[in-house]
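Both of the next two complexes hold chain A, though its partner changes from chain B to chain C.
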Partner chain A sequence: MTGEAVHAGTRGGGARGSGRLGRAFAGTMGRALPIFAVVLAIVVLWYLAAFWLNAQWVLDQAERAGRSVGFWEILEKTMSQERPRLPAPHQVVAELWHATLGMKITSKRSLIFHAWVTLAPTLLGFLIGTVTGLLLAVGIVHNRAMDMSVMPWAIASQTIPILAIAPMVIVVLNSVGVTGLVPKALISAYLCFFPVVVGMVKGLRSPDCILLDLMKTYNASRWQVFWKLRLPASMPYFFTSLKVGAAAALIGTIVAELPTGAIRGLGARLLSGSYYGQTIQIWAALFMAAILAAALVGVIGLVQNWVLKRMGFVR
Partner chain B sequence: METAATTKNGEPHAPGARGGGEGAGPVIRARGLSLTFETRDGPVHALQDVDLDIRRGEFVSFIGPSGCGKTTFLRVVAALERPTGGEICVNGMTPDAARRARAYGYVFQAPGLLPWRTIAGNVRLPLEIMGFDKGEQERRIGEVLDLVDLSGFGKKYPWQLSGGMQQRASIARALSFDAGILLMDEPFGALDEIVRDHLNEQLIALWKKTGKTILFVTHSIPEAVYLSTRIVVMSPRPGRVIEVIENTLPAERPLDIRDTPEFLAIAHKVREGLRKGHAYDG
Partner chain C sequence: MTANSFWLAFAVGFWLAAFWANVKLAASAWSERRIVRLVVPALFGITLLVLWEGIVRGLAVPSVILPAPSQIAVRISQSLPILWEDFVQTFVKGALTGYVIGCAAAFLTAIIVDRSPFLQKGLLPVGNFVAALPIIGTAPILVMWFGFDWQSKAAVVTIMVFFPMLVNTVEGLRAAEPIQLELMQTYNASWAQTLTRLRLPAALPFIFNGLKISTTLALIGAIVAEFFGSPIRGMGFRISTEVGRLALDMVWAEIAVAALAGSLFYGAVALIERRLTFWHPSQRRG
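For the complex of A and B:
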C-alpha cells in the first residue's frame, strides 16, 4: 500500500500528488500533535512545580551550612535530591529505567516483578468481575424482579469505600484458608463488575423497539432474541465496559495491597515508598501502574477494533 | 403461483399458516374492533368499531392523518397490540395464534436491518429463527433477493446500501419465510419521491408475482391509489373507518396511469373521504 502511494505521489507530482502517504502522515501528525502538546505542557508544569516544592529544602540546607545560594545552584539541587517532595520527571524516568531494565526480573526491587505480582490478581479479578457483571446484566434485562432489586444493591456496593473493606475481606478469607492470589482478585472483581453491569444492561437494552417487535413477529424465543439481537447489539457497550472494568480491576488490586501488609506488588511498593519517604520510588510505582492500565486498556482496544470491524460495526 | 411450491419445504410448525381459509371467508376479519390506550391524559381511542374484511390476495391501503389508528390496526393484526373490544381473526385464528404460526411478514417504516449482518445475513435471520435447514436458507435468500432486485448485494453490509435498497432488503426479509400476508407500515415514508415511485412499481410487480395479501399503511393519496385494490380511509380520535373505496383501475398499472382521469377520479374520492373524516373534529 505504501509503495502504491509513493508511486502515485511521484506520478501526480507537486503538492496535490503527495497522495495517501502524505495524508496518512498528516493524519498521524494531526492526532499526535495535540497529545504531544499536552505532554509537553505537563512536563513543563511538573518541572516548575518540582523547583517550587523542592527549593525550600535547598534553602534550609544552605542556611544550616551558613552560606547563601544563587538561583542556578538552587535550580540544580532541586532537580537531583534523593528524597524530593516532588521528584523531577527525569528522576522518575531514570528510576523506572533502573527498576525495570537495569536489574534482574527476579530481584525484589524489580518493578517488573512487582508489576507482575499486581497484574496476576488483576487479570483474575477482571475475569471474575466481567463474568459476574455479564450474568447480573443478563438477569436484570430478563427478569423483572432482578431489574427492581439488583441495581440499587450494585450501586450501594460501590458507595462503600473499598479501602475499608479490603482488610476485612483479606482477614476473613485468610482465616478460612484462602490466601495468595484469590483474596486480592476478589477485591479487584468487586470494583470491576460494576461498570460491566451498567454498560451491559444499557447495551442489552440498546436494540430499537422495531427490532424487538420484528423478533416478536418471527415468534422468536427469548433465547433467540438474546443471541441474535441483544448480545450482538451490546458489543460496542461491552468493550467500553471492559476498558473501564480493567482500569477498576487494577485499582482494586493495588488498594488490596495497601492496607494488608503485603510486601510485594505495586501497592506494597507505594506503601513502603511512603514509609521511608522514597518519593521517587512512589512515583515510579505510580507510573508503572499507569503503564499497566494503559497496556490493559490498549489490548482491549485492539480486540475491540478487530471484533467490531469483523462484525461490520466499524465502517 | 411459485410460493405454493415452496410451502412444504422445511416449514417446521406452521399448520395452516397460509393454507387455512383457502376460499373460505376472508383472510382478515374485524368486527367492532376497538383499542383504547390508557394514558396519563386520559383514554385515547386509537381504534373504534372497525369492521373490515380483507380477502386473499388483496392489496389494501390504509390512509388517514396521523393518529387515525392505521398503524394500530396493523399492529393488532400482527398481535403486537391487544384490542380492548370487538373481535379480529387472521386466517381464521386469533392474531396471536397467527403470529405463532408465522402467518405474516412485517415491514416497518425504518428498514430495521441489523448492522452486524450482511444483507443476506439479515434475510437469513427469520429463517434461522424458524429453523429452516442451511440449504433451504440459501435457496430462499437467493430467491427473495432476486425478487427485490438485490441479487449480488447479499455480501454487502446495510450501511453500504442506499435507503431505498435497505428498505427493499427489509421487504425481502419479510418475504423470505413465505408468509401469506405482508403488513407494511409506511415502508416508503422516509424515502424521496423518485425512489418511492420506483419502489411502488416494483411492489406491484412483486405482489402480482407472489399473490400475497398486502396491508399497506400510507400518508400519500397517489401511493394508495396507485398500489391498491381497495383503499380504507380512516379518521382520527377516535380512529375509525370512514369509507372503503374500491379501486377500479386495471390490474396493469404503469407509472403514468397516475395522469389518467380515472386515477384522478379515485384520488378525488379518497380526498373527499379524508375531508369527511375531518368533519368529525367539529
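For the complex of A and C:
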C-alpha cells in the first residue's frame, strides 16, 4: 500500500510541476525525504504532547510535596513517568524492546507470545474469508440471480457493525463447545470477506468487451474464459483486496479478544492495560499490532510484486 | 407431523420456492425493471429470515444461543425507550459528532496538504500506512483521556475516519484532467477559483467514497469504544452487559437497531452523492 502511494505521490506532484524543492530531490531521495520529514514531525509533536499532557501530574506532585519545580525538572519527569497520560516515544520503544527481545518467548509477558496468539486466528480467518470471498465473487460474476440477490446484502452486511456482534458470537460458540482459534477466526473472516468480494467482482469483470468477444470467436467455454481470461485479468484487484482484507482480519481478531475476558493476545493486552492504567503497555501492544499489520500487508505486497511482474502487468 | 418438523419443512420449502422465483425473475425479460431489482434482493432477505425462524423453531434451538426473529421483534417493540436512549447516546452523540469532526478535519488537512507537494509526498504514504493499522486499538487510550461519556467515543470515531477520508480527498484533488487545469489557467483563474469551480467538483466521487467508508467505521468505532468504559447507556454498553446476562434477544435488538442506523446513514450519504455527482459515469442509469 505504501509503495503505491509513494508512486502515486510522485506522479501527481510531477503532473503539476512540483516546484523547485520537489525537482531538486528527484529519485529515491525525493521519495524518502518527505516521508522521513513527516515521521520526524510526528515524533517531535509526540514529545511536545507528552510534555504537555504529563506536566500537570508533575506539578501536582510537586505541590503536594510543597516545593516548586523548574522547567528542566518538569521536562525530565514528564519523560519518565511510570503511568503517564501519554508515554514518550522512547518509553514505548524501550517497553517494546524489553517485551520482545528482553524475555523468553514463552513468558506470559512476552509481546511476541501475545502477537502470535493474535496472529494465528488472523491467518486462519484471512484464509476462510479469502476463500469465501473468492467463491462468492465467482458466483456473482457467473450467475445473474446471485448477482441481484447476494450483492445488495453483502453491502448491507457491512453496514452492520459486526464488531458489535463479536462478543455474542464468541460467547455463543463457547457455550456450544467451539473454543480456541475458531470463534476469533470466524469474526476476522467476516470482516475480511467483503473487500475480497467487492475487489474480485470488479476484477473478474475487468476484461474489456473486445477480449471477451475474442474468447467467444474462439468458441471458448465459460470455464475456459474464466481460467484463461477473467482470473489472470483480476490479479491486480485480487492483491489489492487481499491487503485490505488482511488489515481487516487483524482488526477483527483484536476486537474479538476484547469482550470475552481473554487473557492472551494483543486485544487482551489492550484491555488489561486500560483496566490497570498501564499506558505504556497499551502503547506497546498498539505498536505490536501496527507492526503485525504492516508485516502482513508488506508480505502480500512482495508476493504481489513478484506475481504481477511474472505475469507481465508491471514492466 | 410434529410442529417442529413442520417448521423445518416450511422453511426449506420457502427457501426452494424463493430460490426458484429469484432465478426465474433474474433470467426473465423484466430483469432490468426497477421493481424486479428491488424484489429479488428483498425476497433473498425474507428467505434468510424465514430460514432462521424455521431452523430455530424446528431444531428447538434455545434462545440463549440464538433467538428467533419473531422473539427479537417482540423484544424491540417492548423496549423502544431503552433502544432510543442507547441510539442517541452512541449514534447521535458519539458516532455522528466524531464523523463530522473527523471528516471536516481530514478535508481541511487535504486542502492544506494539496498546496505543498512536499507534504503530499510525505503525508500520503504515512496516511496510507496508518489507514491500514488497527486504529480501534487507540480506544482505551482515548477513553482514558476524554472520560467515559460520549466525548471519548467521538474522539475514537474522529481518528478512525480521519485517515480514509484524508487519503480519498487527496486522491480526489488529483482527479482533474491536465487539459481542464490548463483551460482554467487560460481563464487566468486563481488557485481558489480553480479549486471551487473545477477541482472540488472533480474530487466529489472520491470524497464521497471516503464519506461512505467512514459511515460504517464511525458506528463501529463508537460501539467498540464503549467496551472500554461508558456511562450506563449506549449500544456497546448494552450489548456487552446483556451478553453477560445471556439476554440475547436484547442483544439482537440492539444489533438490529445498529444495522438499521448504519444502513440508513450509508443510504443517506449515497443519496446525497447521487444528487451531487449525477454527471459521473458510475451514477448514470439506463
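Note that in this section the second predicted complex is superposed on the first by the 287 of 315 C-alpha atoms of A that agree within 3 Å, B and C clash if a C-alpha of one lies under 4 Å from a C-alpha of the other, contacts with A are read in each partner's own complex, and residues count from 1 in each chain.
In this section, a contact is a pair of C-beta atoms (placed from the backbone, for glycine too) under 8 Å apart; a residue touches a chain by one contact, two chains touch by 3 or more.
These numbers come from a predicted model, not from an experiment.
Peer 1: Report for A:Leu211: first if it touches chain B alone, second if chain C alone, otherwise both or neither.
Peer 2: First partner only.
Peer 1: If we overlay the two complexes on their shared chain A, which of chain B and chain C does A:Arg222 touch? Say first, second, both or neither.
Peer 2: A:Arg222 sits against neither chain B nor chain C.
Peer 1: Who does A:Arg83 touch here: chain B (first), chain C (second), both, or neither?
Peer 2: Once the two structures are laid over each other on A, A:Arg83 reaches no partner at all.
Peer 1: Figure out whether A:Arg109 sits in contact with chain B (first) or chain C (second), or with both, or with neither.
Peer 2: neither
Peer 1: Please determine whether it is chain B or chain C that touches the greater number of chain A residues.
Peer 2: The partner that reaches more residues of chain A in the superposed model: C.
Peer 1: Who does A:Met311 touch here: chain B (first), chain C (second), both, or neither?
Peer 2: first
Peer 1: On chain A, which stretch or stretches are contacted by chain B in one complex as well as by chain C in the other?
Peer 2: none
Peer 1: Would you pull the chain A residues touching chain C in the complex into a rising list?
Peer 2: Touching chain C from chain A are residues 1-2, 4-6, 8-10, 12-13, 15-16, 18-19, 21-22, 30-31, 33-39, 42, 53, 85, 144-145, 147-153, 156, 158-165, 167-168, 171-172, 175-176, 243-244, 247, 250-251, 254-255, 258-259, 266, 270-271, 273-274, 277, 279, 282-283, 285-286, 289-290, 293-294, 297.
Peer 1: Which residues of chain A touch chain B in their complex?
Peer 2: 208, 210-211, 213-220, 224, 228-229, 232-233, 235, 311-313, 315
Peer 1: Note which residues of chain B are touching chain A in the complex, please.
Peer 2: Chain B residues touching chain A: 78-80, 99-100, 102, 104-106, 108, 110, 112, 114-118, 125-126, 128-130, 157, 159, 177.
Peer 1: Hey, which residues of chain C end up touching chain A in the complex?
Peer 2: It is residues 22-23, 25-27, 31, 36-37, 40-41, 43-45, 48, 64-66, 117-129, 131-134, 136-141, 143-145, 167, 171, 174, 178, 181, 215-216, 219-220, 223-224, 227-229, 235-236, 239-240, 243, 246, 248, 251, 254-255, 258-259, 262-263, 265-266 of chain C that touch chain A.
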